[in-house]
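Before I ask anything, here is the structure I am working with.
Each chain carries a letter (A, B, C and D) given by its place in the written order, and its residues are counted from 1.
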Amino acid sequence: MNFASDNWAGAAPEILDAIARVNEGHAPSYGADEWTKDAEEEFCELFEKDCAAYFVATGGAANGLALSVIGPPYGMVLCQEESHVQMDECAGPEFFSGGAKLVPVAGPAGKLTPEAVKETLAGFPHRPPHGAPPSILSLTQGTECGTVYSVAEVRALCDTAHDADMSVHMDGARFANAIVATGASPADMTWRAGVDVLCFGGTKNGCIAAEAVVFFDKNKAKDFEFRRKRAGHLLSKMRFVAAQFEAYLEDGTWIKLASRANAMAKKLSDGLAAIDGVEISYPTQINEVFAVFPEGAAERLRKQGAVFYPWVTPGDPAGGRMQRLICSFNTTEEEVNAFLDATREAVK
Amino acid sequence: MNFASDNWAGAAPEILDAIARVNEGHAPSYGADEWTKDAEEEFCELFEKDCAAYFVATGGAANGLALSVIGPPYGMVLCQEESHVQMDECAGPEFFSGGAKLVPVAGPAGKLTPEAVKETLAGFPHRPPHGAPPSILSLTQGTECGTVYSVAEVRALCDTAHDADMSVHMDGARFANAIVATGASPADMTWRAGVDVLCFGGTKNGCIAAEAVVFFDKNKAKDFEFRRKRAGHLLSKMRFVAAQFEAYLEDGTWIKLASRANAMAKKLSDGLAAIDGVEISYPTQINEVFAVFPEGAAERLRKQGAVFYPWVTPGDPAGGRMQRLICSFNTTEEEVNAFLDATREAVK
Amino acid sequence: MNFASDNWAGAAPEILDAIARVNEGHAPSYGADEWTKDAEEEFCELFEKDCAAYFVATGGAANGLALSVIGPPYGMVLCQEESHVQMDECAGPEFFSGGAKLVPVAGPAGKLTPEAVKETLAGFPHRPPHGAPPSILSLTQGTECGTVYSVAEVRALCDTAHDADMSVHMDGARFANAIVATGASPADMTWRAGVDVLCFGGTKNGCIAAEAVVFFDKNKAKDFEFRRKRAGHLLSKMRFVAAQFEAYLEDGTWIKLASRANAMAKKLSDGLAAIDGVEISYPTQINEVFAVFPEGAAERLRKQGAVFYPWVTPGDPAGGRMQRLICSFNTTEEEVNAFLDATREAVK
Amino acid sequence: MNFASDNWAGAAPEILDAIARVNEGHAPSYGADEWTKDAEEEFCELFEKDCAAYFVATGGAANGLALSVIGPPYGMVLCQEESHVQMDECAGPEFFSGGAKLVPVAGPAGKLTPEAVKETLAGFPHRPPHGAPPSILSLTQGTECGTVYSVAEVRALCDTAHDADMSVHMDGARFANAIVATGASPADMTWRAGVDVLCFGGTKNGCIAAEAVVFFDKNKAKDFEFRRKRAGHLLSKMRFVAAQFEAYLEDGTWIKLASRANAMAKKLSDGLAAIDGVEISYPTQINEVFAVFPEGAAERLRKQGAVFYPWVTPGDPAGGRMQRLICSFNTTEEEVNAFLDATREAVK
């Protein structure tokens, strides 16, 4: 009954196999190998566009580097107040960018709305160079609260951003889960809607350490390579990251893995919702379930070995009592059922 | 009828005289001169404490350097959402600190409250090293909204900060006006209440360019000199800054200048409040008046030559219709009266 | 006949096996797992000291983070002019530290000498805060030129550094090769000689991506965790790095792998030295051979499929004609023999 | 007998007068005033080009900001090993740029040569993104060693830089002295020769605190304003800096002041050269004299009240025995004669 996080899971077998497969012989280092080129190519196919894809090992690196490339060091990055870039990267975007200002924007269930973005911008008088200029809008797809943006919602936010001369960054640590949830094509969900750069996550969905930064306009990517290198994020044996992506994207593996995680979360959420006294806090759209349990129940569940964490954020509507449960690519029905049974006991 | 800003005023005659006076002969550069030592000494007397005082030319430098010295590059700096460090320094604190995260906190009339600070902190789960650790609480005294903290309020905020392991920075660009408004002693208003570092402003109150960064614990100041130097803020002919401070502090000149500015603002505020249709937005406690004029009146006043600016901020309760009027050390009663007369006409 | 670099090699089988082994089940993320704790413990044993060991995926990250922790953002880092931190990290140390100044020091065969360090320091007048204060001496063990420092040489350099109030950083990307070459114990080669922080490399010696930053005084490590996190170098599935180190350190695997690489380089070097017209540029002490071939020979060797690169650096005594050949843990005698045969042909 | 530095001098009377003159009444702050616009205009006239001129208070700020605008944060800045940016700004360029790598280049008497620049570049293999890319060549005119570049020399260096895709920065803290020494026009000495950005100093030549950053291609200046602001270098009462420049440039005041300083240095240098046992170290081309005195003589001169400092740098050919004597705009013949008399006594 482990619902701690999708990064508590190991790697999918396909990923491990791929790593073993590329281990043979010598290969050019630092991404000059064939596997890396192939994987970059696959991103172009996946997104139906000649884009620039770069690989790194962590989501924090992907986000920080992406933001540093598309905005100046003195710009404002608007993001949802519960987003990973704001809450969970120890001021990483500020570091990578050389001092950008992150501006938290409130919004329902982890999401930004065009209205909230406009209202926030309206609060900053346009007085260059006194105020930091708005430079980037950062979206998370799927969000930290387990919700997703529709393609139309992404487009509306991108339009709002571009109207205000801001570029759009999408943190896609759970992009696979969002694609499964919406059924949209990767292209529709990103560049066709106006996204400038996507951080495409693999790690939370069955990879060991594989994140891609995808620039849909190659010209905007030009100093990424230098920034990645100086930040120590250019892996010398890059083939081992590329191999993960090849296996991940091949035959829809990424979709398969995310589908399982989403389905288990749905089952868990539906089960919990049916239990008296348990409240589901946000719509369960991807692989995360947020719930408030009756007094003492969470504690009792933990004593029985269930692993999950409280969710505390600026936007928490439940005053610190909300719990987050995450399913991953290898969560089983048995685990979900066991947890539901235990919960029914615990709330008695 | 110029109420644009207190930095639109020139220098007080005492300041200009002092600059001419120190011009004779050679003097050691970079602050090794006698005038600088004397001025540093005067700060110790003024604050009744053996403190470390460093001089720079701008408030942005003072704030940025001070924050960079008392907190780590990955810390969170909590500040009022309308504060200068957040709104008006083009991400300067982020730059000087090497990437600190500024966290805007809402509060009434430009002020922070212990409750709001605690609530903000509660929204950030304690999960080092994922979240940036809270490191500094930054207060502005007097505030950007023309209000002041009482000594008791400062103490309560400092206690809140220290309880959460945060240091306290006070942006005192209008410290003189706040001292005049409260009648408190500089020591009571700062270190005795728990302030760790004060940016003591001279520029807005009749100096040309003179700001002091005062560390009340000398041990906490140890790398200020290196940081000031590398940021290009160690003036070679420092005696010209020191001279401003000597004149400023001598015989209570700073109090005299701020008293005039505050008094004129009071007169202006009282006058405006008595005019039908004009609303005073915040209590006028220092040299700034915030008012909402009837539709079209501000425009008509500007046409007659009055100079003042709209006030737009995240916390603006008047939807962008608020106007800010600032008095300075050389604002005259005639100017105030003329403006009040003009306003009475404009609102008809 | 691939002598391009030790990072062109894949992973040793022991490493791959370990990765597969830790894949089972859920484990706390971000290094809170048991494997990571065990691996940290092994470093304490290996170095016979209660030290702090942190894991990252690249040598550039290890170096940059280590330097940023032990010196201020405005300090001078003295390093050999051909060192990796100076030549090959795209100004990474400057980035991680927030602006430190790297000062290249010339020296024979990639090595620093106490005399050269003292002479360099003497060229910088002591005038704080005008000059950046000397803060760190960075050594590379084994060096970029395939040479090693004896324990006595390391001690002499550390003494020189400490006398000048500088901390000592050791870049040990090829630490294993240096230990094999000198037969010294890890403790003697580092903290007992005065090294403050070691970047212990695994990647170039058979790991996929595994580097450890080892602080011998735990108190000096205190903000490493925050700095690693904000730089995106805290891997969420850390067990996969820890597993590499467990396998690497177990039963002397790291020594075995480096021994093979060193032995092959020795054989290659001896063979080349015996060929008329080939000059060995530096003593071959670890797994790197530097040689100057007769006009046209390198070209001919490349045409026959040999892979190796010219070595160009500030200290190159051969005017750009030097070639670097690197052996790795899986270089075979057959490869070496084939290359020697081919060279004998090529120089005819 | 004060030859400590040209920043030990106060301000020229013309400068003080101008400051008093602009003090009347209110003026827009932050450089939106008429004096600032006029002064910017005067720079365009002086340089016979529609350029962008920005004012700051220190040379360190001017250099750091200029370098940060024309090069990326990961670029290499080649500079003479004794230059101010390398030796005297406490790693300021590294700070402003966000981590650029300064590469010291040796050269005679404080000067760079195209050969030395090419040789340095040749030592850095072209392997993006591993090495930091060469981005800026920084010249100092006149140099820290009291010498000047001819227009032809500047042009040759600029050509070398541009051929290597580097921009050219000129540190002109003593630009006035160099113009007087060479008789060249400001335009010929800068943009016509290929200089991209000039830091035009006023402070060392009779101003209080006035430095201009002049971009000869306005398009390259575009983010200067944001960078200046966030670094705390946009003075609110900018008219007081603009006033200094107006007075400085009016009627050739700057040339008059520098002529006096240069002439006094020439007289001092000639006088010293004629004294047995005194050696002039570098040609005296501007207002700085470098000399080696017989054993004990410098000490005896200091005891008699002469003020001057030893000159220690990486390139010091005299092993730390060289002394630097600087004349300023207000050095008198009497002072020079007194020093020469005292020297004649001291060497006996």
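One rule holds in what follows: a residue touches a chain if its C-beta (ideal position, glycine included) is under 8 Å from a C-beta of that chain, and two chains touch if they have at least 3 such contacts.
All values reported here derive from a predicted model rather than from experimental measurement.
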Looking at chain pairs C-D and B-D, which one is connected by more C-beta pairs in contact?
B-D
Among the chains, which one keeps its Cα centre farthest from the Cα centre of chain D?
A
Rounded to a whole Å, what is the gap between the Cα centroids of chain A and chain D?
50
Cα-centroid distance, chain C relative to chain D, in whole angstrom:
40
Can you work out the whole-Å distance between the CA centroids of chain B and chain D?
34
Could you tell me which residues belong to chain C and also touch two or more other chains?
30, 73-74, 89-91, 94-95, 98-99, 129-130, 132, 226, 229-230, 234
Can you list the residues on chain B that touch chain A in the complex?
73-76, 87-91, 94-95, 97-104, 120, 122-125, 129-132, 310, 312-316, 320
Give the list of chain C residues in touch with chain B in this complex.
30, 72-74, 98-99, 128-130, 132-133, 223, 225-230, 234
Residue ranges of chain B touching chain D (in the complex, touch as defined):
2, 4-5, 7-11, 16, 19-20, 22-30, 56-65, 89-92, 94-96, 203-204, 208-209, 226, 229-237, 239-240, 307
